[in-house]
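Heads up, there are several structures right after this.
In the two complexes below, chain A is the common chain; its partner is chain B in one and chain C in the other.
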Partner chain A sequence: MNILSSLGKSARERASTLLYGLGFFYNVITETLRFFKRSQVGYKVLINQILFTGYEALAINAIMAVAIGAAINVIGSSLLPQFGQSQLMYTILIIVITRELGPLLTAFVITARSGTAIATELGGMVVNHEIEAYISVGLNPISYLVVPRFIGVVVSMVILTVYFNLFGLLGSFVVVQIVNPTPVSEYLGNLLSLLTISDIFSGLVKAFIFGIIVSVVSTYQGFSVNRSSTEIPVAGIRAVGQSFILIIVADVLVTLVQYA
Partner chain B sequence: MHEAEKQAVAEAVAPPAIELKSVYVNSGGYELLRGVSLAIPRASTSVLLGATGSGKSALLKAAAGLLVPGSGSVEYLGKDMAKFSKKDETEFRAHSGFIFQDAALWANTNILNNVSMPLRVHKPWMGQSELAEAVRMAFKRLGYEEGMALRPSDLSAGEQKMVCIARAVVHDPDLVFMDDPGTNLDEDGLEQLFALIAELEERGKTLVIASNNSEFAYRYADMLGIIKDGVVVAFGSYEDTLARAEKEPELKLTRLRARGLREKKARRGAS
Partner chain C sequence: MKFKIKYSDQIVGLFIVIAVVIFALIVILVGANQRWFAKDYRFKTVFQSATGVSPGTSIVMKGFVVGKINRITLNADNAVDADFHIYDTYRNLVREFSILELTVSPIGLGSQLLFHPGRGERLLDEEEFIPTADSPAGIAIIEQELVEIPPKDDTITRLLANVNPLLENVNRVMITINRTLTDVNRAIAGQSTGPLGSIVNDVSGAAARLPVMADRVDDIVADVQTRTAGLLDQVSSLLLAFQVVSSDVGAISNNLAATTEAIRDPTGLVPKLLDPKGSLKTFLDDNDALYKRVMSIVAEVETSVRSLQGIVTGLNGEMPKISAVLNETRTAIQQAQDVLEGVKNNPLIRGGVPERAYQDSLYGSMREGSFE
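After this line comes the complex of A and B, so read on.
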């Protein structure tokens, strides 16, 4: 009886958390639609979020993109000729970079940098009663704190994915010259002839969805802090863990839809 | 019927500024408030006394719509806060201010932005120079003189409290909630706060003060309440509550009883 009762309690709690999460997501979406209609004081927060999430992550994203592109190039150019499939090199490069690793690795970088920052910052604000102070002066925490971070992370995610694609496809050319010198015109010609709009669009759709996941999960976890400062790092850890899991699940689902 | 009589009748039927009806508040498995019911009259000063952890802050936050009751209702001018439209909410916030016990300043922005925020939200047409002037005026009322470009972390706890007080009154609200307003203030700061309360009273504002310092009650209370373990055990006019405490020693109020009744000036601005 005790086991049944505790199972029932746990199920009720999970259902209530899920409902609360869905309600939170609904609020974020409705407030986002209102955000641009009014002259809110949240624009500064939005600009800061884009600077932190997008601009400041450009360097690490570029380094990662060049390294991944180069690795694919190096591995492909040594393996594929053995099977007489050298021409597949560019197809693999495009698919892996634009459709899969571009959005996925960018999402991981943003989760690690901005997801934790957002969750711990908001958690700290809850503990210091700053959220209550916002409510007391008439600012809705969802529209003033969450929406700018939501828009900032989604926009940054999409832009950083485009940036990753550019560096992954073109920047890796520099590294390729060391192992397999290729004329620029040949490299670019091969890439452009095989690159399709759907390759780019597919990656951007994923980036958009991942951006929504990271921002909503991180802000939700930040607000889930109650009273103690020891809850703040826990919120950061949960934000990263849940974001990673949801990103991977979403990645599989979108890929299944694209190739089904 | 004379004008004065008409006004008296209107006042008698007008809903109170804030009314709590059987409010229960739970947080983290603890019952912070247990069935609290009380009505805060308009243009009056209500002081709630209670020991640390008795539920004063929770009561004040529930009354100010910062804590959502698990059950029961909170009404502002007769309207249930749970049924507030966005417009009602904005209206309520524009006409109220809250002094937090631990200041609750926004750490990531400077003092000017902290204090001017209510104005930027409710009077968006005000320019930067007007905002700075309004903030200077609010500080002047408190005798506070610190750089407005400083961040909250650059200030002492007492200075942070002064900034919090300035933020709560900068937009000239009709209703001010004060959660332990004297905490962290030195003697000079406390005198400035008393002067501010007196000025607000004179201008007919509704003040709700939660404190464990009976001086606020002695000086300013029109209504006096006592809260214990999340329950309001007494709430009525200052004189009535004091008279009750004489008969019911468990209500304590030892210091106030020792000081006896006082003559409180009639409020000029009260309507």
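After this line comes the complex of A and C, so read on.
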């Protein structure tokens, strides 16, 4: 009986949590739609969020993109000619950089950097009763705290994906010149003849979805802190873990939808 | 205040603007490379099969992509209607008598859709039909050399282009052999009505008739033996009669010889004749003994001659029968020889019964001779 009651309690709590999460997400979306209609102080929070999440992550994002692009170039240009399929190198580069690894690695970087930061920051604000203070003065914490972070993370995510594509496709060319010199016109011609607009938009759609996941999960976990400061790092860890899982699941679903 | 915080708006704005510019640039480059802003000329064609053809398949001419397939649909005739476009830069190549050729790599490296420009002067209008190389219209255009088809630059394709006619010939020979074997099998099974079936049927019939023919030959030989035996008896009796007649003739000859010898002596003949006791007197006074003797000899000679005449007449009467028997025997032996030759030269292995050169008989019957 104890097992059954504990199972029932757990299911009820999980259902309640899920409903709470969906309600939270709904509130974020509705407040986001109102965000640009209001002239409010949340704009500064948005700029700062893009600065921290996007601009400051550009360096590590670019390094990753150039490294992965160069690795694909070097491996492809040495391995694929053995099968007489040199042209496939550009196809593989486009698929890996723009469709798959670009959005995914960018999402991981943002989750690791900004997701934990958002969760711990909001958790600290809860512990310090700052949220109660916002409410007491009539400020909606979702409108003022969550929406700028939500928009900032999503925009940063999309923009960083564009940069990842740029560095992955073109920046790697510079590195490849050291190992396997190739005329830039030949490289760009082959790349642009195989790169389609659907490849680009596929990566951006994934980036948009991943940005939503990271921002919503991080803010949700930040608000899940109750009163103890020891809950703050736990919230950060949960934000990272849940974000990773949801990002991978979403990646699989989006890929299935695209190739179905 | 830190620089980043102080100029956060500018930094973020630049960060976003650069990203948007890069994105726009990439989209424009992709669009330009994929001919979003260029005019394409659309045409139609029909393929027998969509194998190797799909929307987006490049149309190639001398290694250059001159167009792409837009859409393929299966029509009511189970052929494949295809819409395709040619780039504006190659518009002037789409002249009258142009064709499309779908080539499949012989070593499994995919297919290629080739465009061959026609030699006509008129440029084809949009939405006009361009035949494929394997269609009747395309084949007619190629045969009339109204289209420029460059030689295949692929070694394997060239090699196979030479090998293909040989293979087709070999295939044709194999089909012929197979058909022949089928005919032979059907002929052997008795189901064919062709020449081979007739030969086999004839051989089979001849072989079936062989025992009957052998019996007939036996009968004919026995008949010939019977007839020949009677004839030989007659000939033997005739020979005996000849011997008797010959002995009589011999005696007469001896008498005549003695007479001639006696007459040959002139000195003694007259005295002998005139001598009262001589021969002449004896001859005259012998009561016609000598005369009777001579007459009997003459009668015997006449009998012998008549007997000889009868023999000859009998022989003349038997000659047509003998001739007919010999002719029948000869025909029967020839037929038997044909059958045996046919069986020996089995037509399945050798080549049938050889032609026979017929030789007319050198001996005609006396009756036939009389009517010539």
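Note that in this section the second predicted complex is superposed on the first by the 260 of 260 C-alpha atoms of A that agree within 3 Å, B and C clash if a C-alpha of one lies under 4 Å from a C-alpha of the other, contacts with A are read in each partner's own complex, and residues count from 1 in each chain.
Going forward, contacts are C-beta pairs under 8 Å (C-beta built on N, C-alpha and C of every residue); 3 or more make two chains touch, one makes a residue touch a chain.
These numbers were taken from a predicted model, which means no experiment stands behind them.
**Student:** Label the relationship between chain B and chain C on chain A in the superposed model as either fit or clash.
**Tutor:** With chain A aligned, chain B clears chain C, so fit.
**Student:** For A:137, select first, second, both or neither according to whether it touches chain B, chain C, the two together, or no partner.
**Tutor:** A:137: touches chain B, not chain C.
**Student:** After superposition on the shared chain, which partner residues are touched by A:178: those of chain B (first), chain C (second), both, or neither?
**Tutor:** Neither partner.
**Student:** Could you say whether A:3 touches chain B, chain C, both of them, or neither, answering first, second, both or neither?
**Tutor:** Touch partners of A:3: none, neither chain B nor chain C.
**Student:** Could you say whether A:226 touches chain B, chain C, both of them, or neither, answering first, second, both or neither?
**Tutor:** first
**Student:** Determine, under the contact definition given at the top, whether A:260 touches first (chain B), second (chain C), both, or neither.
**Tutor:** After superposing on A, A:260 lies clear of both chain B and chain C.
**Student:** First (chain B), second (chain C), both or neither: which does A:58 touch?
**Tutor:** A:58 contacts chain C only, not chain B.
**Student:** In the superposition described above, what is the shortest C-alpha distance between chain B and chain C in Å? Please give a whole number.
**Tutor:** In this superposition, no C-alpha atom of chain B lies closer than 12 Å to one of chain C.
**Student:** Touching chain A in the complex: which residues of chain B?
**Tutor:** Listed in rising order, the residues of chain B that touch chain A are 27-28, 61, 64-66, 89-90, 93-94, 96-98, 100, 102, 104-107, 117-118, 120-122, 124, 167-168.
**Student:** Per the contact definition, I'd like the list of chain A residues that touch chain C in the complex.
**Tutor:** Touching chain C from chain A are residues 47-48, 50-51, 54-55, 58, 155, 159, 162-163, 165-166, 189, 192-193, 195-197, 200.
**Student:** How about chain C: which of its residues touch chain A in the complex?
**Tutor:** Listed in rising order, the residues of chain C that touch chain A are 4-5, 8-9, 11-12, 15-16, 19, 22-23, 26-27, 29-31, 33-34.
**Student:** Which residues, counting only chain A, touch chain B once they are in their complex?
**Tutor:** 39, 41, 124-125, 128-130, 132-139, 226-227
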